[in-house]
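These are the structures, in structure tokens.
Across the two complexes that follow, chain A remains constant while its partner is chain B and subsequently chain C.
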Partner chain A sequence: MVKALNSLLLLVKNETIKMIKKKRFYVVLLVLIVLVPMFAYAQMRESTTKREKFGADWRREVQQAITDNQNSLGSDRVPEEWKKYRKIYIEQMKYYLEHDVNPIQSGGVTFTREFLNNASTLFIPLLIMGVASDIVSSERTAGTIKMLLTRPVRRWKILLSKLITLIMFVSLIIVSTLLVCYLVSGLFFGYGGFQLPVFSGFQLNGSEVDMSNVHAVPQWKYICMQAGLIWFVGITVAMLAFMVSVLVRSTSASIVIMMAALIAGTILSNMASAWTSAKYLFMVNLGLTNYLSGTPAPIEGMTLGFSLAVLAVWAACSTIVSFLVFTKQDILN
Partner chain B sequence: MHHGTQVNDEIILSVEHLKKRIGKRWIVQDVSFEVRAGEIFGFLGPNGAGKTTTIRMLVDLIRPTEGQVSICGYDVQKQPELALGLVGSIVENPEVYTYLTGWENLEQFARMMPGIDAGRLQEVVDLVGLDQRIHDRVRTYSLGMRQRLGIAQALLGRPKLLILDEPTNGLDPKGIKEMRSFIRRLAKEGLAVFVSSHLLSEIQVLCDRVAIISRGRVLAVGAVNELIDTSKGYVVWELEPSSAGEEMLQELGISIIRNADEVLDDAIIAGFGSRAIVTQMQADAVADIVPRLVNSGLQVRSVQKIIPTLEQLFLEMTDGEGVE
Partner chain C sequence: MNKSSRIWRITGLLSAVSTLLLILGFLYAVYDMTVPANQASKAKPETGVQMSVAAAAPYDLTAIGDSLAKGTGDDTGKGFARRTVELLTKKDKESQLINNLGINGLTTKALLPMLDESGVQYGLKQAGIIILSIGGNDLFAGAHGYKNSGELPSAAEMDAAVAASGENFKQIVKKLREINPDAQLVYVGLYNPFADLKDMREAGDRAVAHWNTNVLDTMNQYQGTIVVPTYDLFTNNLDRYLSGDHFHPNGEGYQMIAERIVQSIALN
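Up next, the complex of A and B:
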């Protein structure tokens, strides 16, 4: 038992060394370090223009946002779909006003929260794909799979070591995103804001906004919850990319397949509310953090529990397929 | 050149009725042979004959449709951990991680089998003569150096069987010589070496025994010299006058080869005069025939015995299917 575990640990060490030496993870870090300052700068510009318009009082800014949205509810040109998002937004802003909490308080922590909220469906899955898509297919493209599979080690152990390494790196990517985001945006907005309350639990019930579950969560705790949900999304995307990587021999093909699936998800989320069975697709369920913020789900009948279950089923199935195929497959090239 | 005396009777690799079907096509139809400790065993066939598929079945990269491969008695399918622990192999090109150094590559492989320490790594590095460059990235290696690293990797686990797929492919003449003498040295130390090649001359100079494979079937297995002896050799005559000589040879019941360019190497044919008569016969019979020709007034300018190469042997066996 100890011996088996030890041999597995050595395999994980091998995979970790390969992952680091291939410099995939550095590319992910580099992307973060280049892009996050851009987002932070854009955010900073936006808040300065607003401040010029509304002065130092955030209440005026929030009030204006509420009025704008209320006016648009009466307009025929605004699709009904969008109105439910606006309705819930109005109620949220009112709630913040009533409780005298500034929802747009700038700060490194707030930026990080907003960033995570926007990054969970596409940006972070893309980064994860970068390391997951080639973890098996690169061995096939380079032909090193022959060296790997002619060792006196069972195939499932080799695949398991790759999966463990992948999960480690997915976690590392999410932690790095958090850290880079906080450290970089802190330069722009300051490092405070951990205790700031965030209201969570808004629910849309038919056309009414249900406020009975609304409660305040300190921002640091909210970010932890986000990170947990994003981790779950990340693992699911990683498992799927892992399966594609096993099934497809070429790394570029496996990246294209996963990317198409992810982008299809964002398109479907915007237009599939009439096609209700689309909710069983993994791509429309990636916005788990929306359940925290109270943004309505793209398709009727989707809840946090539902989305978690759908993602878990997809992840489990793709893991099973990966192992079945990898342990049986003939290495012909 | 051949060192059959070194071979003892211990069977290291045993292949029994190996078959592989992919889709509807039988890539390998029925392959059986045995390789013993200390011998260099050649696996000869044209490209596309099923060599690579067979080799991949030996090392568990491809699952046989039927048949069995065992290494020192362990079934490769059922006990891969035990069987593959006794094999070192290079399947096609020695493909290692180019973004790692040679040493880091060996470390990767060492972690995948028990009982290999840094001392053993250094041993194999010295053995293949790669100590100067072992800490450079493999990306910067020449093909010859990669081949050596491949060998080092294969020898790392102190195997009993070494499987080399076209080991001299892409090497320069000096590299080829070095590789051959290296393989001979390993066999002398008791290792069973399995070498595949589509170059018949390669097998001829290197191997003790050979299996000849074509279209997924083994045509013959045997000592390289024995296989040559079973083949009828060619004898080339230059007689004067030529046409009378040809008639006389026919009367004596000797088969005359009209399409010599199809069975003999172009380089050999070029050495004869245009009126040379190519016959297929046992060379022993020449001594009886020459006096008869002379007695009937023919001049015998030259008689030349041509030892068949494996190329010719192969052509005979496959009825001219063709080799490279």
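Up next, the complex of A and C:
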């Protein structure tokens, strides 16, 4: 048993070193370091133009946002779907005003929270895909798979070591996204804001907003929760990309397949509310952080438990398929 | 080989720690969202927090009420609120728009609870001039869609609306005075947007006149209030001052109202 674990650990070590040497992870870091300052700068420009209009008075700014959204609720030209989002937004903003808490306080921590909120459905899954998509198929493309399999190690162990390595890197990617985001945005907005309260627990019940569960969470805790939820999403995406990487021989093909699936998810979330069975697709369920912020789910009947279950089933199935195929498959060429 | 070992040790350690932290975050998130707030020891937000309000500048302005306050129909989007600010600025008075709280379709009944919201009160307290426009939707309920439906309110309906909404209006003014007793409260009087329709001219005119008289009675009970009439402006000039929906003023109409407001407020 100990011997088996040791040999597995050696394999994981080998895979990790390969991963670092292939510089995939550096590419991810580079993407973050280039993109995050751009987002932060855009955000800063936006808040300066708002400041010109409202002065330093966030209460007026928030109240005006409430009134503007209330006006759009009355318009027949606004689709019912959007009204749902705006209704909950209005109630949230009123709640912040009532408790005299600034929801738009700028700061590195607030920026990180907002960024994570928007990154969970597409940006972070894309980064993860970059690492996951070629973890098996690259061995094929490079022809090294034969060398790997001729060693006296069971095939499932090889695959398991790759899977463990992948999970390790998913965690690393999410934590480094968080850190890069905080460190870079801090240059723009300052590094404070950990204790700022965030209100969580708004729910939409029919057309009414249910406030009975609303509670205050300090921002640092909120970010920990977001990161945890994104991690779950990341693992699911990684497992799926892993399966595709086993099934498809070419790396570029596996990247295209996963990317298409992810982008389909964002498109479907925007328009699939009429097609309710779409809620069983994994890509519609990637926005776990929305349950935290109170943003209504894209399709009626989706809850946190539901989304977690859907993602878990997809992840489990793709892992099973990966192992079945990889252990049985003939390696040709 | 030495370098590889180092890579492995660092990456292995960092990723193990990260994974552990993320799992904890995940579990906490699930716990936080599934256990109801009243059962867990969760921090309920403090209630009844008082906002500190800076002293209101005399010509800072907040508009509240219906689509007229909002400026619907004005192609420039300025409405009489921004136009009043512009006119005041031209007169070398330091003026800015604090908030435009106008909401399309708002009735006296819907405005009352709005006045209890802390954000609304905040916007009102900061103003030296409060412009109120309300009542049009009570009287001409749904009439602005008449181009599509062809239905107009009957004389009896309008009379009933004047009586019922008059009570709400009294409370609105009382509340506004309580929220900000020092501001000049300007009410923009109603006009009859259907004065050019044969069936509506007489009934509409009567309802509007009735309403405007009631309003004047109510407003006169308080210090620092003005009713700005608009009836005379519009009644023979509907083509000139009404926008395409035949209900709201156009840019020129709003400009006329703004000029009247500036003429009647106290300037020192």
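Quick note on the criterion: the second predicted complex is superposed on the first by the 333 of 333 C-alpha atoms of A that agree within 3 Å, B and C clash if a C-alpha of one lies under 4 Å from a C-alpha of the other, contacts with A are read in each partner's own complex, and residues count from 1 in each chain.
The criterion applied here is as follows: a residue touches a chain if its C-beta (ideal position, glycine included) is under 8 Å from a C-beta of that chain, and two chains touch if they have at least 3 such contacts.
Quick caveat: nothing in here was measured; it's all calculated off a predicted structure.
Chemist: See if chain A has more residues touched by chain B or by chain C, and give me that chain.
Modeler: Of chain B and chain C, C contacts more residues of chain A.
Chemist: Using the superposition on chain A described above, determine whether A:297 touches chain B (first), chain C (second), both, or neither.
Modeler: neither
Chemist: By the touch definition at the top of the document, which applies to A:261: first (chain B), second (chain C), both, or neither?
Modeler: The answer is neither, since A:261 touches no partner chain.
Chemist: Which holds for A:152: it touches chain B only (first), chain C only (second), both, or neither?
Modeler: In the superposition, A:152 touches chain B alone.
Chemist: Mind working out whether A:17 is in touch with chain B, chain C, both or neither, as first, second, both or neither?
Modeler: A:17 sits against chain B and chain C alike.
Chemist: Quick one: classify A:163 as touching chain B (first), chain C (second), both or neither.
Modeler: neither
Chemist: Just checking: does A:143 make contact with chain B only, chain C only, both, or neither of them? Give me first, second, both or neither.
Modeler: first
Chemist: State whether A:328 touches chain B only (first), chain C only (second), both chains, or neither.
Modeler: first
Chemist: Which residues would you name on chain A as touching chain B in one complex and chain C in the other?
Modeler: Touching chain B in the first complex and chain C in the second, residues 13, 17, 21 of chain A appear in both lists.
Chemist: Report the residues of chain A in contact with chain C in the complex, numbered from low to high.
Modeler: Contact set of chain A toward chain C: 12-13, 16-17, 20-21, 57, 59-60, 62-64, 66-67, 70-71, 74-75, 93-95, 97-101, 167-169, 171-172, 174-175, 197, 199-201, 212-217, 221, 224-229, 231-232, 291-292, 304-305, 308.
Chemist: Under the touch definition given earlier, write down the residues of chain C that touch chain A in their complex.
Modeler: 4, 7-8, 11-12, 14-16, 18-19, 21-30, 32-34, 36-38, 42-47, 49-51, 70, 98-105, 117-120, 122-123, 126
Chemist: Can you tell me which positions in chain A touch chain B when the two form their complex?
Modeler: 7, 10-11, 13-14, 17-18, 21-23, 142-144, 146-147, 149-154, 328, 330-332
Chemist: Which part of chain B faces chain A closely enough to touch in the complex?
Modeler: 22, 53, 56, 59-63, 80-85, 87, 89, 91-93, 95-100, 104, 108-109, 111-114, 153, 157
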